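Here the chain labels run A, B and C in written order, and each chain numbers its own residues starting at 1.
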Amino acid sequence: MLSVAPEALARLLWFAFYPIVMAPVAGEEYGRVFCRSLVALPFVVLIGIFNPFYQTEAVFTIGGVTVTRGWITFISIIVRTLLSVQSLLILVDSVGFTGLCRSLQRIGVPSVLTTQLMMVYRYMTVLLQESLDMTRARQARGYRGSNMSLNMWGTYCGQLFLRTVARSERIHRAMLARGFDGSIPVLKEDRIWKGKDTVAVILSIGVLALFKWGPLPTFFVFNF
Amino acid sequence: MSDALLSAPVAVAADVVAAGLLVVASLRIKKNASDNAVALMGVMGAFVFAAQMVNFSVPGTGSSGHIVGGVLLGALLGPWAGFLTLTSVLIIQCLIFADGGLMALGCNVLNMAAMTTLVSYPLVMRPLLHYPAAPWKVMAVSVMACIVGLELGACMVTVETIASHITALPPNRFFLLMTGIHLAIGVVEGLATGAVLLFVQRSRPELLQPDAIHRDTRRNVRGAVIGFAMAAAVIAGGLAFLASEDPDGLEWSIERVAGTSELEAEHVGALSQVAEAAQQSTAVMPDYEGSFAGIAGTVMVLILVWVLSSLLVRSRRRQKEKA
Amino acid sequence: MSHHFIEFDDVFFSYPGGQEALQGVSFRITHGEKVALLGLNGSGKSTILLHTNGLLLPTRGTVNVGGIPVTRRTAPDVRRSVGMVFQNPDDQLFMPTVEEDVAFGPLNMGLDSAEVRRRVTDALHRVGAENLAKRAPFQLSGGQKKAVALATVLSMEPDIMVMDEPTAELDLRARRRVADIISRFSHSCLIATHDMDLAHELCPRAILVSDGRIVADGPVAEVIHIFTDLMKEK
């Protein structure tokens, strides 16, 4: 969706309406979403920072400062990252991760994958706690510093792996004890697809298409 | 890989191939794996997160690192289960930690998960490493497998990025940068992977024996070859796309692969052509002055909408509190 | 309701590593009985529990549940009548929300969704956790997790409840709540525990296991007494 030419920054900015409007619809403040989306910056800046050095032809000048094409494409790369991350954050926050998994399953994503996602999500915190406990135990026995030597890390990780295997065996037993036969059943939702949802989808697609191809007005004209 | 650096056709092509591989993986796991695979793969995905949380110090440097874990998951779970597990980790990193972006997910799955679990593990590590093995051999093979896996990933990143035409970095530099970085990362990842495998070999060697999850070795290799062929198809597709959009693009890539050093002059020419083309295409839209006005105007309207919407949220929250 | 019974007849079991876990265990638990299973760590308590559910099968001897000998083939049926609550609720609660976890068992039994919903509500009500239905397991306290873990098994409406350390790692108040919940069960119960007070409070009868053998079986006070003496000897 966000694939407009790197130079067309003005057009790209239009897409920002989407997260700004959708955030309150999903019950969130755009400011917070914006701040959280900043985590995506470092990698993109690293790659994009080369643009100003390679695309040095001047595009326009504002008050004596020459803006080159490279800077415009650089900004455009950053804007596009922030926008895609923001829409993603709004999506996950509004439906919830498991809601998302279940919707995926309903539209035909293999249950092996959706179950896997739910399991990883469920046990992420449990294992992080376990790993934290192991780190504390190590510190309690007098190891200093946050980094381990590679050898020690191998032992730590191997140990964690053995615990993981043991845990998976216990979970598997708990599943079997409650009649597990290889696939995880899903409780049917009360909520089904309503006419309202169809309208929302068509509207979103329409608006995004307008941003991408439609004629867009320019609101203010500055003269320099 | 990140959304920002990808054009839609490249991202969608990668998404389609990644989705295809996932379907194949799901079907194979459903058919072949023992039913405790559900629990094991699930917790192993969580294991990857936990293992990535704790850094180790990189030998010979002052810095610290963590692993991605592709080859390790391949070695512990087998290619397909490892692939699905690492993919689930990437999906969660993308959705919850906003890592990379949704469009780039397909690319990331191919670059980071498929290249290690479906290509490098079955084609490099499995044929070379038979347990029990001497420690130096475990280490050497791990390093080799990780380098191969990560370098393949780096090549994929280069091709995808260049086919997308969004970064202005010249392809040969980008390629050298990516492969250089990934050579170093590959060595470190390999050492870490080897260290874990050594520990498991010492304490629970039976866990490294092929079990129900990774039985039918021969067919798995065939699967990996298919995966590799599909990856090659994406690369080829990307190159074709490059060629169709910009006639010089393919030449760059071919010369890059052939390692010609006369690239620079050629390359500058190509870049200016791209610039010209870009200028022509943007000429249809308002000229640059106008577009600056457009940018400023749009930014102001955005700020306005933002203020309005946050007011909306606040008033709604107040209503809720009253209720 | 006399078909709600578990009978072990001279059961031997050794783990793949060759370790002899059970060496001739025989006992019988009948309708509505609440029995505590006592013993030190590694004495074979958990191994016995896993046999009631067909999760482990005897290498010699038979386990009989409600008239059906437990084999690989009958295990799925046996699991409908024997509900097993594991020690660590984090292992038991593997679904993203409490509600789905409680629904997991009934759904596997092939019940329709109206019936599944009824059972979920009912089971959560019985452990006093209706308000937790939409929560994720990691948002729960230890006591809440344990209560919900009980509900996941109650929703299958088993005839016999088998529990491994229901009060382990709980604070006093949470322990009290779990004990209250269990005391209201009308099921036959087999409870493996280190919690002597719990055994005393809930179970008229106790079985003491040591080194894979049953060393005492009788009124709970007497068995606890024997257990204390045994520990002194060791």
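As a convention for this text, a contact is a pair of C-beta atoms (placed from the backbone, for glycine too) under 8 Å apart; a residue touches a chain by one contact, two chains touch by 3 or more.
From a predicted model like this one, the values you see are computed outputs, not experimental measurements.
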Looking at which chains touch which, would you call it a line, ring, star, complete or other? line
Most remote chain w.r.t. Chain C, using mean C-alpha positions, is B
Just give me the whole-number Å value for how far the CA centre of chain A lies from that of chain B. 15
Interchain centroid distance [CA atoms averaged], chain A/chain C, Å: 42
Once you find the CA centre of chain B and the CA centre of chain C, what distance in Å lies between them? 46
Listed in rising order, chain C residues that touch 2 or more other chains are 94
By the touch definition above, chain A meets two or more other chains at residues 97, 118-119, 121-123, 126, 167, 171, 175, 180-181, 184
Scan chain B for residues touching two or more other chains and write them down. 39, 42
What residues on chain C touch chain A, complex-wise? 50, 53, 55, 76, 79-80, 83-84, 86, 88, 90-92, 94-97, 99-100, 103-105, 107-109, 113, 116-117, 136-138, 152-153, 156
Can you list the residues on chain A that touch chain B in the complex? 1-3, 5-11, 13-14, 16-17, 20-21, 23-24, 27-31, 36-37, 39-40, 43-44, 47-48, 50-51, 54-55, 57, 59-60, 62, 67, 69-70, 73, 77-78, 80-81, 84-85, 88-89, 92, 97, 100, 110-113, 115-124, 126-128, 130-131, 135, 146-162, 164-165, 167-169, 171-172, 175, 180-182, 184, 216, 218-222, 224
For the complex, give me every residue of chain A touching chain C. 97-98, 101, 118-119, 121-123, 125-126, 167, 170-171, 173-181, 184-188
Under the definition above, what is the set of chain B residues touching chain A in their complex? 2-8, 11, 22-23, 25-27, 29-30, 35-36, 38-47, 49-51, 53-59, 64, 76, 84-85, 87-89, 91-92, 94-99, 101-103, 161, 165-170, 191-192, 194-196, 198-200, 203-204, 207, 271, 275, 278, 281-282, 285-286, 288-302, 305-306, 309-310, 312-313, 316
